[in-house]
């Protein structure tokens, strides 16, 4: 079975919701749609308090090249546009919409599917851009930019990321079981942008046998190879996925297109299909609500902008013993400090946990056991990076491969001394960036 | 009893030591760096902290440049007026007096007044906290309260009290080392005057949001602006700011400020200001 | 539902069950077979010595934590492991006050003086052993003969030289006569508490390797290089040099290679570094055994290589992934 060469760990999978079909969550009483749901500059608001909007109407315009449009998730009235907590931890400009209960689409949107084969490449990229599609695996990179790499970079491999290696998360798994045709069609659309030479793959971890079987049935006739990957974290990381499927290594400083590869998340492929064939902007997504502290763990399809609070109530309410609420997966997600944060386009999971270790967690000295070096998928020495970061040696740390850390968390998972390795590395990266910004300013 | 081996041992080791000593003596003389004796004298007078406030990386360099250029506008904020006099006497020129400045924390949100987000259990460092989320306090402009700046102060002028940094103006020498140490930029330099008024808040949130986040925040209600006869207060981006050149320290603005803990700060300690308001 | 008390920390939010304690106690468990074997071979005295050694190590650790105002970690398992290793390195009839002195050197002078757990450069148990060897050479080299199940508390223990000692003083023939290789493997020969039974030690080492707490790069490289080096000279002159198999089972080679050289804090972290470290230890051990003044060389070899470990880590981690290195931007 294929896998990536260096490092990796096997945390408990905890896929409690893998057999729970996706449940549609009804429109909540209020939506808080963040204008910052992607990498790059936040969208500029094009509505203000009092504006009436229809479902799918543009409420935020992409600001610059690396940015994305934001749309109203339902029909209603804009209550206000103001800063509000964001699941990433900080504040972002947010459009508050009070739904009118009609859930009415704007004209021309969410049509019946049409055949895309007649569309030109520019048409397709334009539709993707207008629909505000971003990478739904978590990074949120604007898809229209990713699908238009520099002309000198030839793409010969397109990979759909169905690995979903994070514990608890099953959103992509259910999507693969319930919408395989849309996934395959989305992949075909993406592949068509790169001429006939590109080979298409769908990478799925071996713990999702039913998904592998379903997609193989739908995909093999279309020339798409479904690859079963060894279940190992972080198989779903872009560089590791490319290495496992193609054997190529993305060197430090390189991007996938430098080695002719392009990776997209499964949900993004579905969103691409819907944008191109049905004129549907990105206004909802599948979220896995799980953890031991939520009443009814399930996979839901929720509107972008639904608050964590509303979702927790829809899923049987959270228990009093909850002491952490995670947006995303437990390895790379963010702990939110209030239930009033909304979900955004990249929120793949919502976990309610009682993290017993967190109270006692006291960083102890590095005993140089070497486990972090063994498991690092990027071949780094996390113990050294963390020690140097703690000493605030920000010149030296750049020589030790700081920029190549993907912050996957494998090192921190295994450390017996409970050192916050990833946090020290993130801290060092932030301070190095800060210094460079001040020097160039 | 001196054994036979004693004399040869002493003689051989002794001569080795003597030879090495002579070599060291010769080398120290041959490679001696000529230093202007005046520079040495000045180095003794200077504080020797190497804080960089004067604009030079070390006290030694400050001394060298001063001896070379005899530039009377060069000042050492750490040494203050006394040092300026001594330097002037030694060099025979009148040195400019450094303007006494102190660092001030533009925040009064301690654990009692600022509302908490959630208990922060990551690396206890202000940069690490703000990198993770908005911080332990709801106000994103506040003093984070984890004390990362304290290590930067060579003069022990900073302390963490109840989740807020307090700067001792008597110990602060104005070296400005703490300013880049703060991730939210709440520390600014202010001239040391007998009665200095400054709006001790950094929040650019609108009034309602500020009130929600902290009891001691400036809500930009403009009462102070209206009552000031000298037009010394302006509102910039939902935050009041006192123009120091125009301020006459009359104190009218303090009396009308409605926030529970007065966010206009006197030079006195925070406790004293609270007592005054209470009485 | 506002009664939930949320905490914010950084990802990842799940951690493995490992802790410093689990690592250390597993190492102690791996040393258990050798300890049991030592009690079998040398009787109750061995047990008393081991217990005294462990307790004094833990006591010194507690004292040092108090003196340095640090949170008390005397039961985290590191003092236990140091005590156990030190006990396995000394003869069963060593006076107890010497054992306590050894504990002092190991915990206070080698570990805490450098900063405590994780900061020491040299292996504490080895430094203590070498200290005792140099300070009390007679007591440290009179090895009791094995007396299975004996309750003799050293009153009149029969002593003799270890096989390596005989090799140094009386030559190859005498050494070979004193020992059958099977004895060497099972441990029915004279030596320190721990160095006798290769079988027991190897069993423990395999457990540690299975739990992924040690890698096999260092021990196998040490064994391999000792084997090759002594083998080479044995081929050249069998009359003067003993066979490599003899060298493998005698002395503390297996104890040293699998438990002392692989001590996490004092060994390199990268594969290349570990291979170099192992090679250095092996060659030095062989050289000291063949031509040095002391019959046993592994302790000194490991200590000498320990001093190079910080350099090996810096060299290797800077170069290994050369593409990971990036020049910082000029200010």
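As written, the chains take the letters A, B and C, and residue 1 is the first residue of each chain.
The rule is simple: a contact is a pair of C-beta atoms (placed from the backbone, for glycine too) under 8 Å apart; a residue touches a chain by one contact, two chains touch by 3 or more.
This one's a predicted model, so the numbers in the text were calculated from it and none came from an experiment.
Taking the mean of each chain's C-alpha atoms as its centre, the chain lying closest to the overall protein C-alpha centroid is A. Chain centre most remote from that of chain A: C (centre = mean of CA atoms). Between chain A and chain B the centroid-to-centroid distance comes to 43 Å (mean Cα coordinates, whole Å). Inter-chain centre distance (chain B to chain C, centres taken as mean C-alpha positions): 51 Å. Centre-to-centre separation of chain A and chain C, using mean CA positions: 48 Å. In chain B, the positions touching at least two other chains are 117-118, 121-123, 132-133. Within chain A, residues 89, 334-335, 337-338, 358-359, 361, 420, 423, 426 each touch two or more of the remaining chains. Multi-chain contact residues, meaning those touching two or more other chains, occur in chain C at positions 5-10. Remark: chain A residues 9, 11-12, 89, 167, 251-253, 309, 312, 317-318, 320, 322-326, 330-339, 351, 353, 355, 357-359, 361, 364-371, 373-374, 379-381, 383-384, 395, 398-401, 403-404, 407, 409, 412-418, 420, 422-423, 426, 436, 439 touch chain C in the complex.
Note for the complex: chain A touches chain B at residues 82-83, 85, 88-91, 334-335, 337-338, 358-359, 361, 363, 420, 423-424, 426-427, 430-431, 438. Listed in rising order, the residues of chain B touching chain A in the complex are 117-118, 121-123, 125, 127-128, 131-134, 140, 180, 205-206, 209.
Residues of chain B that touch chain C in their complex: 117-123, 132-133. Within the complex formed with chain B, the residues of chain C that make contact are 5-10.
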